[in-house]
Amino acid sequence: MLMRRNPQLNAHGELIHLLSIEGLPREVVTQILDTASTFLSVSDRDVKKVPLLRGKSVFNLFFENSTRTRTTFEIAAKRLSADVLNLDIARSSTAKGESLLDTIANLSAMQADMFVVRHSESGAPYLIAQHCAPHVHVVNAGDGRHAHPTQGLLDMYTIRHYKPRFQDLTVAIVGDIVHSRVARSDIHALTTLGVPEIRAVGPKTLVPGDLRDMGVRVCHDMSEGIRDADVIITLRLQNERMSGAMLPSSGEFAKSWGLTPEKLALAKPDAIVMHPGPINRGVEIDSAVADGTQSVILPQVTFGIAVRMAVMSIIAGNSA
Amino acid sequence: MLMRRNPQLNAHGELIHLLSIEGLPREVVTQILDTASTFLSVSDRDVKKVPLLRGKSVFNLFFENSTRTRTTFEIAAKRLSADVLNLDIARSSTAKGESLLDTIANLSAMQADMFVVRHSESGAPYLIAQHCAPHVHVVNAGDGRHAHPTQGLLDMYTIRHYKPRFQDLTVAIVGDIVHSRVARSDIHALTTLGVPEIRAVGPKTLVPGDLRDMGVRVCHDMSEGIRDADVIITLRLQNERMSGAMLPSSGEFAKSWGLTPEKLALAKPDAIVMHPGPINRGVEIDSAVADGTQSVILPQVTFGIAVRMAVMSIIAGNSA
Amino acid sequence: MLMRRNPQLNAHGELIHLLSIEGLPREVVTQILDTASTFLSVSDRDVKKVPLLRGKSVFNLFFENSTRTRTTFEIAAKRLSADVLNLDIARSSTAKGESLLDTIANLSAMQADMFVVRHSESGAPYLIAQHCAPHVHVVNAGDGRHAHPTQGLLDMYTIRHYKPRFQDLTVAIVGDIVHSRVARSDIHALTTLGVPEIRAVGPKTLVPGDLRDMGVRVCHDMSEGIRDADVIITLRLQNERMSGAMLPSSGEFAKSWGLTPEKLALAKPDAIVMHPGPINRGVEIDSAVADGTQSVILPQVTFGIAVRMAVMSIIAGNSA
């Protein structure tokens, strides 16, 4: 049988890169979540460092700017005692016409141990993982509309923290799904962890029907979408990516799809509300909900550090 | 008795944030200066680090750019063994329309231990201190025209180093006082430490008469202002903030208010000359004075590191 | 006898700054290369750090932007356990009109231990070394067209690694030599190390005849230039510095002076091919050569980290 190996795993099935949740075995996802929970206590300690990555060099390669995500990876790496190098890629050699792969080859030759990559083009982290030296590990920190696996994993960590039985859950993902790499990663993760009902909720222009092929229930009606949900993941309306007459204005969007206390009342009484941030208050989520008792948006951020520590420490411990 | 507690102090009167020198008890100011003197020797040692903030995460949040001030805080934090995160705030989520308080809530959720805040709007560090999680400490690194307390404290450290008896001193602050948060912080600190004569010296457009309400002697005559002074604090002429017909050109300003050797001769023979930097040579201060034997401008910089280490280590040791 | 001492050496002839390879004794160059080889193994270890610069503050002062070079110095400093401060000089006080020397005086007063300086003006690192406090060491990371000594040293390290007997070598430097500080540093280093034949190869507009005064053989014919060479150093065509009718287009340049497999066949069969990077594929070097078995371009990068660690640790250990 001819089969291309999952490029994220080594011959023993161990994680060596984190590129996408798609194709990750459930045991690997669970290993990451379990490891993350051991790191949560690290962040609570007075001295928040563990020496797992001491002497390792982690390069933040953000071809697309994201201060928030870069910061979470920088904190995670420093709490593991790594040396962190932030490369201002926009001003670097790529600006001098150097190709992406030449840049990567050069950084590998500096004996980097890990690249954390954010790129506007889908697949860039795969390309890098395929071409970098075998001692280098790659973490996808968001590529185009494709994937944002650490966000997906921290979302799973958050859900498991509040609702430990994935097999009993109804999870509604609401809003601009078509532009969202977070939604895509969440759907793969929820599927892998055995969530029986995953709903994609939003207007036809933002929630494509072919999501059904991924086993998702597509809801173009808000009430139907969030009724009796255990978990509601609201998504940022990517104003900057919206254009064209087919798409609603943010005001129109808010009216139909913004999560208000009234709409939230349709979900289970103990439903939790999540958001990858940064939130547009009054657009996809009302302040009363974002700041309300059911919101777990800030715990998501805290868990995100622990999950990134887990991913980094696991892949750094495995050989290609 | 109903009384709003000073937000910088906890219920035991211990410093938990440094927002302004106004309202700080003299004992707290003195504690900072005394602690700083223990750190001065650290900077002279071969290994310049002490482990007081090991494992702590210090976030530099510079909403207004200041490489120099940011660098002094970064050095201070690293000498205390903290992890330092520099956030490029201008390019971050605030640019995506996120509110200041949402940004702060998110960073708090990353288990930050300290925010060093520079902001163009007066009061922003107070707002942050009021809303951040209780485990986070805030240091004001300059807010609008309001305050620059670490500069004020390092100025006091410098004065005490050369002129230990505050109660005997005449201190002249010369120049653009109306735009200067440094002047405001210095005046509060000098008052708190019992300096009997504080003079604000400059043209009417730059030295408002209502400073008299703070117990300051306002001098619109240069000779009167610096005569017999023990300490002369010259201020940077904020060219970038000057506009309008009422204000002097920098040439006119220099002629009347720039500190030359001739004018300096009016002060006490052992008077010291200070400046918060960066200096405009030939404008508010002549090169002959800035580089002369009475200048303590560079020692101010050295003391500034020790004072910032003192502030950070003190507030990190106290609980809200 | 009146003689101005080499500003890079102290009274004992020990290296205290690295400003230029010109004037460095052969023993000092050899000491750097020997020390670098001890650090190469550090970068291969699991924990890549040595505590030689623990508690030292290294300031990267890049007045001219170069992410790649800055990163190599940052990695080198961190592997020596130094604290690294990256100053965004373009946005700093120099932008507020502060003079270079005032900026340097201020940073010295923060008890910096080392300045790594990149500047567009030739001689700037000398000026800084002359005026900074005696406890501060200066490393030139490239100044104008003058010198790039760490690049020159890493090139020597690379040559010695593959061709240990400098006294037997023919080294051809090919391309845009007139604009190249790398070429200048290489020529001084090769001369110091006793290479008998150094060739400068390229068109008259890019290879000035007065290089002959440095003992270099000037070749305006590509075949003559690379025939029987042991080492070929190709140089980046500085497109951004090229203008004017006298200079060839990059297409014309490539045809005559770009290193192709055919031209490389004229050199010794075991000749090595070097390039300081970033490469312009298809201009000064063909992909078949850059990625070929004779290319040592990526090892140059790896050796560069070790050489910079060596320079930093040596100068930090010597007193002015």
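Per-chain residue numbering starts at 1, and chain names A, B and C are given in the order in which the chains are listed.
Note that in this section a contact is a pair of C-beta atoms (placed from the backbone, for glycine too) under 8 Å apart; a residue touches a chain by one contact, two chains touch by 3 or more.
None of the values given here were measured: they were computed from a predicted structure.
Undergrad: Chain contact topology under the given definition, line, ring, star, complete or other?
TA: Basically all the chains touch each other, so complete.
Undergrad: Degrees of rotation, nearest 5, to put the Cα trace of chain A on chain B?
TA: The two chains, chain A and chain B, differ by a rotation of 120 degrees.
Undergrad: Over half shared numbers or under half: where do the identical copies chain B and chain C land at their interface, same or different?
TA: different
Undergrad: Between chain B and chain C, what is the separation of their C-alpha centroids in Å?
TA: Whole-Å distance between the two chain centres: 41.
Undergrad: Using the touch rule from the top, collect the residues of chain C that touch chain B in their complex.
TA: Residue list for chain C touching chain B: 54-57, 83, 85, 87-89, 91-93, 96-99, 102-103, 105-111.
Undergrad: In the complex of these two chains, what residues of chain A are touching chain B?
TA: The contact residues of chain A facing chain B are 43-49, 65, 67-68, 71-72, 74-75, 78-79, 239-240, 277-281, 298-302, 304-305.
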